[in-house]
Structure formats: structure tokens, C-alpha cells
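The chains carry the letters A, B, C and D, assigned in the order they are written, with residues numbered from 1 in each.
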Amino acid sequence: MALLDLLLVVGIIAGVYSLLAIGMNIHWGDTGLLNFAHAAFFAVGAYTSAILTTPVLETGLLAERVVGFDLPVVAGIAAGTVLAAGLGFVIATTSVRLEGDYLAMVTLSSAELVRLVIHNEAWLTTGAQTLKNIPRPLESTVTTLPVSYDLFYFLLVWGLVAVTYLLFERMSSGPFGRVLHAIRENDDVALALGKDVSRFKLKSFAIGAGVAGLAGSLWAHYVYAISPVMFLPSLTFLIWTAVILGGAGSYAGAILGAVVIVVLRQVTRFIPGSVPFADQLPYIRLMFVGVVLVVVLYYRPEGLLGNAQRLQAGTSEGE
Amino acid sequence: MVLDPQFVWNGIVVGSIISVSALGLTLIFGILNFINIAYGDYMATGAYIAFAVNAQMGLPLVVAIAAGVGGMAAGAVLVDKVVFEHFRTSSPVTLLIVSIGVAFFIRNLIRAVWGPSGNFYDVPIEANPSLFGVRYSVEQVSIIIASLLLLAAVYVLLRRTRIGIAMRAASDDRTLTRIRGVDTERLVLYVWIAGGAIAGLGGIMLGLDAQIRPNMGFTTLIPIFAATILGGIGDPKGAVAGGFAIGILQEVSVVVIPSEYKFAVALAALIIGLLLRPDGLFGEATR
Amino acid sequence: MVDGRFSRRQVVKTVGVGGIVGLAGCAGSGGSGGGSGDGPIPVGTLAPFSQGLGWVGPNAARGRDVALQSINEETIMGREVEINEQDTETNPQAAVSGFTTLNEAEVVAMLGPSSSVIPNLFQPIRDAQLPTLSVSAGTIQMDDVGGPEEYLWRTVPSDAIAGRAQGQYALSQDFTSMAVTYKNDKGSQSFSASVADYFTGQGGDQAADVPLENNADSYRSEVQEIIDSGADVISMTAGTEVSALFMQNYIQAGTDIPLFLGNDVLTPDFIERVGADVLAESPVFGQAPAPGPAFDQFEQRHRDLHDEAPGTFGAAGYDAMNLIALAAVRGGAADRQTITQNINPVARPDGTEVSTFAEGKSELEAGNEINYQGASNPQNFDQNGDPVGPFSVLEVEDGSWVKLTTFSADELTT
Amino acid sequence: MQFEAKNIVSGYGDARILDGVDLSMVDDEMVCIIGPNGAGKSTLLKTIVGIVDTWEGKVEFAGEDITDLPPERVVDHGICYVPQDDNVFADLTIRENLRMGAWAAEDEAWFDFDDRVEAVYEQFPVLRERLSQRAGSLSGGQQQMVAMATALMLDPDLLILDEPSAGLAPKLIDDVFERIAEINDAGTQILMVEQNARRALRESDRGVVLDMGQNHIEGTGQDLLDSEEVTELYLGTT
């Protein structure tokens, strides 16, 4: 039983990461936008949902939060998704015209700015302190059923992954997706087709950010408590690795990449303390992530499930 | 609100460090034409090599600085040979992502070798002398002098020497530079040597003024990028001006905004800088 | 680092021996787990071993291994303890999967996590009924949580108590205006808020409130801001890294405003980092739980085992391991319920005072109740599983922290 | 000197642009390549100087094989090339541009930079007073002068020009062709691609018509100008 519990928990984390990767894939895989603000969208989803669904309960010296609504979880998740999409839209309106690597720097800075605000505006977010007692959806109902809550949540998360996957797959192969692909390959081509490139980029950015916000909400309602240290840039980089590993442009690849990353992290937990360099293990693991990123980009730039031809059209500029 | 001149002095010190670091970054960008996220980790590597020589092996600081600067110059070349060289024809975006992988690797290698917590060089901590109400330390004065010397040296290199002119030419138009008979791969080598050495020096300065930490470079990367971008990426003169602007703004900002938002100064400068003046303070578009 | 490898070798040795015993005894027991059988008793350590708080886990683990050494010599009813370490980083995702991994490994008790992730685990700990002793979470967010019903204790005192010790001493020195400055994170905010609350509650003024951003290059401007605020005493709370940099900038500023440090840095290591002479010359104070009678022998054994003095939370790790082991001995079984029910009894004030596992085991086997007197503090728990005990105010003299005065537990809790 | 390109095949990516081009030149000749847009004229020049890889075929100059040399090595064989666009370093001063032109020889004992600059000024007197001006701040015609002056710094045996008159005002076009003729008279072989075909053929010793990546017609400049087919298909009615 305990092993099943572990598998479910790892599965839930992998599901949340998959949603993040799906959101990143519409930006990078479909549209060719470099989004380095994913951790911020994740954070906005988590915090919006948490603030909306908790009352102002905290007492004591560190209880600085004065905002809380105690709304149903569903409202929180919906609002988290929408607000994250809104943030994506705002960031994109200012910067979507910038060239790829400049966009990366603006989005990275924006994400850090968001984190700084969350960290310091305690009246809204509890600041550096943990925002705790976040309710789990349907907890009282599920406990009356003969299934564990983790199983329920696992099914909920993966159900949403499946729905999102189908939606995005359909969108990507439909007319909207074709315009995004045209933009990814060359702004000018899309322009020549009479498409308002900026507007499509904005939509893409907002949609992907919304999915990341959904992931954030789901995660907040699972772990009971959130704090700003969960949303460092390294999370964004990890999702990048997942998307590139899985294959930019492929939603199945994005999910696969996320699952591989989460499972790899979990597997290394079983390495006994007796192996050489065990103390350095956490660092060696991250070094390995770096190596994977470079090696994949060199030997298999299209990733595990990506489409090599499309990739070539999108990213190699030549001299 | 009274502006304590101490804040300005602090800003000049921080600005010197940012300027030097931004200079190395912009040199590399000029020729390689991609944003190297691992640059901050090059700085940290330089600082740690010097730490190993100074605090762990007990050799004098001067020797340690030479080792850190030289070691990182060699390190930058090594990273190029192992990684970046294989991506020479890739797009700037691919290279940026590759550099994230390199950054992950280097930063965690440092943690694995030297541990995750901070260290200091073997320099005594004592009350600083003060002049006109401003406290200064020997290290700070050395940092400012060293950065001015370096900035002058790089200026001379880029304006007066043949290699320097070729570097500027290559950052302007790589193909035309080859047509003129320049082996740009060799130039790239020189740029990694110079950029790596400057990164190492910037890291050591930062370690001297602050603390040696595995992520010291990564966390300084945003102010450095802000300086580079504010000054016009690829433009050394702009990088220096941007560096001092960011450094002073950041330190003086505590008078007007809560100190927990000090870091936001660089973030905001970067965002606004990119949005309003993508070509930099001095305005000549490099892209 | 050399020290890390050294401690690891020790664990490897004990695990190795235990493993062989386990193989021999465990053949038939299948999945019944660590709670029964003759194999090694699995105990978890869930702590930050990497990222920002990456120093906490190793420090506590080294202290734990000192206890482990004698526990595995004496054995718990013939069985050794086998440690399973999981890293929480500072991230709930890592904490949750680390916790589930330990739960899956059927550990019977856990040396618990830091304040950064503990709120994520309140409920999972209750669900798993896994007795957990946090070795580093001082946060006042935990003041009203814990005790046997919630399977949760901590072996470090609440910041509220430490804050009072600092505030009382400051007031007794006739300081009236305090600037508080703290690393802008959860733990330091908690400590700092306790100090300020007590100080202003007793009639003092708060002159400034200056957060110290993590990863800053210098705190010179922050130091200057504090000096400019006109405070006559500074309360500074942060971990070793931020404290060391702040101290450097404070000393360089040449100010003579007295400075109180937080709990986490009252270590020989910190003196070494900042410099013994300069700390002795500056008006710098700190406060720490008045160490239990066991501290000196713990420190010596720590030096013998690891070749270095204990770091912050080392003694707390030692105490937590001893409490778990003694609880199992007292209850006569190494399972979660038994340990949960016996933590408070082995630390009860009316028992015979013991300060090592060997002493405690022989007293328990002789049928006597015991009162474990820890290395980090006496480890007497209140109803929320928080230790209460006396606090000392310290200053640096000749390269070590020496006691100036001590406040009794009564003075601090009333 | 003998220049010989045989059966050149090359292109970009998967696109085959040149499909077996032959070209030869002898001492002091000025040869002009004309042809419609997309015929591969510029690609031929880029292939010769090594910017575009040669897929098949062979290029020889003065008896040496230069087929697979990178651009920076082609210069060593006395061949200098002036691209059509982006042919000066905009951020560099004129003097610095000239120094870049002299790069390949600056360390050689026989080479005297100042002498060479003097010589170039005599051909392009307008440059003299603008020495420390940024090349990017010059007019299009002046930039073309700088580009040619830079290419002449090494006193090349073969000068390759890609559309030297593109985008220039008519008066300046005369000026440019005058310079080109002078350079040729001074003993430098010239290979150029020109859009302004009539004018170029008039100045040239020989002309080559390139179409669909292959040689089409070849002859002296005058022959081609007189040819009805050439006039009709490639020179238009201008």
C-alpha cells in the first residue's frame, strides 16, 4: 500500500509538471516564444487560488495577511487560471515584439519581480511566511469513499492533463496552431499571410500562462501550504529541460519530458547513503540535468518525440 | 530624506563590480552573439579558484587573484571547446538554452566541490577608515582602481590594437571579418580568454566586497544584464556606463523604497531598458 | 567538504553492519516493515541537504550520528537503527516526495524538517501517524501545533522564548530604542518579530525594521540605514551566511551600537568566519538555550567522531535521535505508536536525570522512569511538543561564546 | 594570372543554386557576369571566395587549388572580395576599416601600412579627410568607395566585386566604374557581377551570361552587347 501511495504522490507531481510543460510547449514549441516567467505563472495560480479559498485565519505575530475570501476551491482554481493568463497577457503586451533572447531576459526579470512582490507584500500573500491551511477539494466527500485521497487527486490531475492535452493537440493542428507555427518559423511569413502576429503571440502567451496557473492552483490545493521559495527561476529551467527533452512542438513529448524529469528525481532518492559522493548527490543530480539539456540539444535537438523538420525550420538561422 | 553620501560611495563600489562584469559579458556577446546565462557561474568559478588558492592553500591574495583570473580564462576556453564550439552555427536562442545547461552544471559542480554555504577570502575584517563621513575599505579602493585600470585597458585593446579592432569588426559583421582574412575562430578563442578572465576578476571583486557563494554570479546576473542592456548590448562603453548607473541607483534606492525591493531596481531597469531603448544608452543598434 | 565525507563514512559503517543483520533476520518478514521483526529499525531524516538551507541537514545529521554511534553499540532490544535520509531542499515538492519516500520505507520515526516546509507536512504526518521531531524549526508558526496527538515535537525552542531572552537582556541594559534587522525569510522574520514584540511590549521603541535580502552583495546600505535611524541597540537575525556578511559590513562601518545576533550563529564556526578578535572587541551579544548538562560530553564526542565542533542544530539532532531511541526502549517496541506515546514520558521532569542513551537504557531496564537532559537543552516538552528551558545571554571572549547571564524557564514563559 | 573554375555546383541547405558553372580568366582581364535575378551570380562569387561551400567542382588560381578554402584563407592567395551589401564595418572608423583590409599582410615585412594607405587615398581622395569618421555615417556611394579601398589595401591580384553600382546615383555610378577601370589598368584582374549590365559589359574585356545556375553565353563585352539574344533576354530595353 505504501508503495502505491508513493507512486500516487510522484504521479501527482508529474501531472502538475506535465501541465506546466504543456503551457511551455505552446509558447516555445508552437509559437517559438522564449518564456522564462513560467515559475511566476505557476505562483500566481497557486497564490490566487490559495488567497481566494482560505479565510484570514492566522493569528499571532506573523499574521499580517488581511485578505482572504474562503470561497469554494473551484472558484479558486478558475480564478488562478484566469489571473495567470492575465499576467501572461500583460507581460506579453509589453515585450512580445522583442527578439527571442531579449524576450527571455524580460520574462525572467518579470518573474523575479512577481516573486519579489509575493515575498514582500505580506498583507496579501503572508510574504515569506507559509500561506497554510489551504483546503483540499472535496476532502470530506472523498474520505467517505473507499479510495484514498491521493488516488482521487491523482485521477483529478491526470484527468485535467488529458483534457488539456486533447484540447491543445486539437488547437495545435487547427487553423490557430498553423498560424502559430508560421510565426514560429518566421514572423514575416505570418505577416505576409495577413495575420496580426502580435495578437496571436499574445493569445499564445496568455493561454500557456493560464495552463501554468491551473497547475499552480492544483498544486496549492494538494500541498496544504505554499511559500515564495517554491517559485525560483530553477523551476522554469527544469520545465524547459522537460520540454526540450520531450521534444519541442510535441504535447505528448512535453508530458513525457515532465514525467521523465520527475521520475528521475524520485529514483535518485532510493540511492543508498553508502555510494561514493552521496553527500554531493543533490548537486550531481542537477549537474546531470545540465548535461542532459546540452546533450539532447546536440544529438537530438528535436527531443524524444519532436518533429525534426519543423524544428529545423524554426531554430536554425544560419549565418 | 537626506541622501547619505555613504550610499553613493557604496553604489560606486557595486557599480565598479557590475561594470567590469558587464564588460566581459558584452565582449562575449559581441562576437558570439548569444546571451550566455553561464557567465555568472564563470564569475563564481573565478572567485572559488582564488578562494582555494588564498584561503585553502594559504597563498597570498595577489597569487590567488592571478590564479582565479587565469584559471577562469582557461575554463572559458575549455567550456567552449567541450560545448559551445559544437553549436557555432546554432541560433542565439538555442545557444542561450545550451548555456542554461552549462550554468546548471558549473553551479552545482561548485556546490559539490566547495559546499553550498558562503565563504570569505583571508582578509581581516576591521572598522574602515572614514573620509568626509564616508567609510571606505582598502579592498573597495582597490576594486575601484582595478576596475578603472581594466576599463582603460579594454578601451585601449579595442581601439588601438589590431586584435581589438578585429574583435569590434567581428562583432559588427562576422562574415565580412572573415572575408578580410581574419580567422574568426581564433578571435573567438581570444574573446573567451578575455571574457573568462574578466568574469573571473569580476567574481573575485564580488567575493572580496561581499561573500563567495556558489550562486553569487547567478544572482548578480540580472544587474549585470540590466547594465549591459541599458548600455546597449555588445557596446563596451555602454556596459560601463550602465554598470555604474545600476550600481548607484540600487544602493541609493534604499532611501526612497523599502530595502527589500532594492533588487527590483535592476529588474525594472532591465525591463524598461529593453522595452524603451533596445539599442542602449548610446543608441546605435547592434541588431 | 572533508567534514561531510567523514560523517558519511560513519553512517555507511553502521548501515553496513545493520544491513547484514537485517538480511539474516528479515528473510521471512516480507512487507511487515520496520516496526516489528529483528532487522534494523528504520528511522528517517527529512531535512534540507541542498539549496539555500543545505547546511541545516548535514549539521543535524552529524549530531544525530553521535547519538547513533552509541545507540547501535547498546542496541534497542538487540536491534540497530538504520537511517534513511531524504532531502527537502526548501521546496514542498521535494518535501512531500521525500516524506512519502520515508513513509514507504516504513520508518518508525523521523527527525523532522525545517520551518520552510513543515506546514506542508502537518497533515501528512498526522495521516501517517509518524512521530516527527523537528530539529531546526523555531518558527512561532509552530507554537500552537504539536504534541503526541499530532505526532509532532521539536527539539529546538520556539523563537518566542529566545526572543524574550534577547528582549529582556536589552531592557536590562537600559536600551530604549531598537532597530530590528533580519534575513527576509520565514525563520528569521519569526524570530525578529518575537524580539520586537517583546521589546516594544515592555515599553521600548522600535527605531527601524530592515529586512536583509538573501543573496545580496552587501548590506552596507542597510547598515547605514540602521545607523541613521538613531537606534541604541540592534537585533539582527539570520543564518550563518547572511549574518557573516552583515557582521562584516557592521564592523567595517565602525559603529559602536550594540548588536544582538540570532540563535543560529552562536557557533565556533561563526566566530572562525568573522574573526575572534573583532567579535570580542565589538559589542556583540547572542542568546542560546542554556545547554543541558550533556552538551560538553556531546561536543567532545562530536569532535572525536567528526573532527570538528558541532554546528548549529547538531545538538538538536543528537537529542532527537536519543529521544526516539529511548522512547522505543521504554515502550518495548520500535513502532510508530509506541514511540509516539513514549516521547513525553522519557523527558518527564520527575524521572531520573539521564543525558546519554546508555544511561537512559540502563535506568529504563532497571524499571526506573527517566528524564532525558539533552545536549541542546533539557528537553522538557509543553503540551504542544515544544521544549521549554532556560536561556543564556552570551558574548565572545578568547574565541568562544561565554555566558554573561542566564534567564530561567520561568522568567521566559511568564 | 590564370583563374579557373570548373563545373561548380553549390547552394544553400537543400537548394541547388549553381549547377555546373565554368569560368576562366587570364592576366589583367576584367570579366563581368550578368544574368537575371536568381541566376546564381552572387552565389558564384560567394562560392569562389569560400563563403558558400562548393559541393562539386574545382577552383584554381595561379596554379593553386583554392576550392575548399575558408574565406580567411582565400585572401592569402591574393584574392579580395567586396560583397554587395554590408561591405563596410559600420561601427569602425574609415582608418580602422582600412586596417581590417590590411589584416592579412600587416605582419609581413614587405608591407607598409602608411604607404599603402597613401596609395589608396590617391585612388579615393574623398576618404582622406574623413579618416576618423564612422563608416556607418557615410553615404552609400562613399561606403562603396571605402569597401573598394579596403579590398585594395592588400594590392590583390584578383578583385571580386558584387554589384559595385547597386543603389548608387547615376553620377556616382560613373565614378565607381571609372575607379574600377583604373584599378584594372593598374594591373589587377577584376571579376564582377553587375545589374547595370550594359555599362558593365562596355567596360569589361569579357562577359559571361549566367542563367538557371549554368553558363549560357560567353564572349567579349562588345560581342555580347551586339548579340540580339543577349539584348533581348538579358539586357532589356534600357
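To be clear about the criterion, a contact is a pair of C-beta atoms (placed from the backbone, for glycine too) under 8 Å apart; a residue touches a chain by one contact, two chains touch by 3 or more.
Because the structure is a prediction, the values reported are computed rather than measured.
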- Message: Using the stated contact rule, I'd like to know whether A-C or B-D comes out ahead in C-beta pair count.
- Response: A-C
- Would you kindly say which chain has the C-alpha centre located farthest from the C-alpha centre of chain C? D
- Task: Between chain A and chain D, tell me the centre distance in angstrom, where each centre is the average of that chain's C-alpha atoms.
- Result: 54
- Query: What is the distance, in whole Å, between the centres of chain A and chain C, each centre taken as the mean of its C-alpha atoms?
  - Reply: 35
- Taking each chain's mean CA coordinate, chain C and chain D are separated, in whole Å, by 78
- Message: Taking the mean of the CA coordinates per chain, how far is chain B from chain D in Å?
- Response: 42
- Query: Going by the touch rule set out above, which residues of chain D reach two or more other chains?
  - Reply: 51
- Any chance you could list the residues of chain C touching two or more other chains? 4, 50-51, 54, 184, 211
- Message: Could you pull out the residues of chain A that touch at least 2 other chains?
- Response: 119-120, 283, 318-319
- Note on the structure: The answer for chain A against chain C in the complex is residues 2-3, 5-6, 9-10, 13, 60-62, 119-120, 127-130, 132, 219, 223-227, 229-230, 265-266, 269-270, 272-274, 278-279, 282-283
- Along chain D, where are the residues that touch chain B in the complex? 49, 51, 70-72, 75-76, 81, 83, 86-92, 96, 99-101, 103-104, 106, 136, 150, 154
- Message: For a test of understanding, state which residues of chain C touch chain A in their complex under the given definition.
- Response: 4-5, 8, 11-12, 15-16, 49-52, 54, 58, 83, 85-87, 89-94, 96-98, 100-101, 103-104, 106, 115-116, 119-120, 122-123, 140-141, 143-144, 184-186, 189-190, 193-194, 197, 211
- Task: Would you tell me which residues of chain C are touching chain B in their complex?
- Result: 1, 4, 50-51, 54-55, 184, 210-213, 215-218, 220-222, 224-225, 228, 240-241, 244-245, 247-248, 251-254, 273-275, 278
- Note on the structure: Counting only contacts in the complex, chain A reaches chain B at residues 34, 94-95, 98-102, 104-106, 108-110, 112-113, 116, 119-120, 237, 240-241, 244, 277, 280, 283-284, 286-287, 289-294, 297-298, 301, 315-319
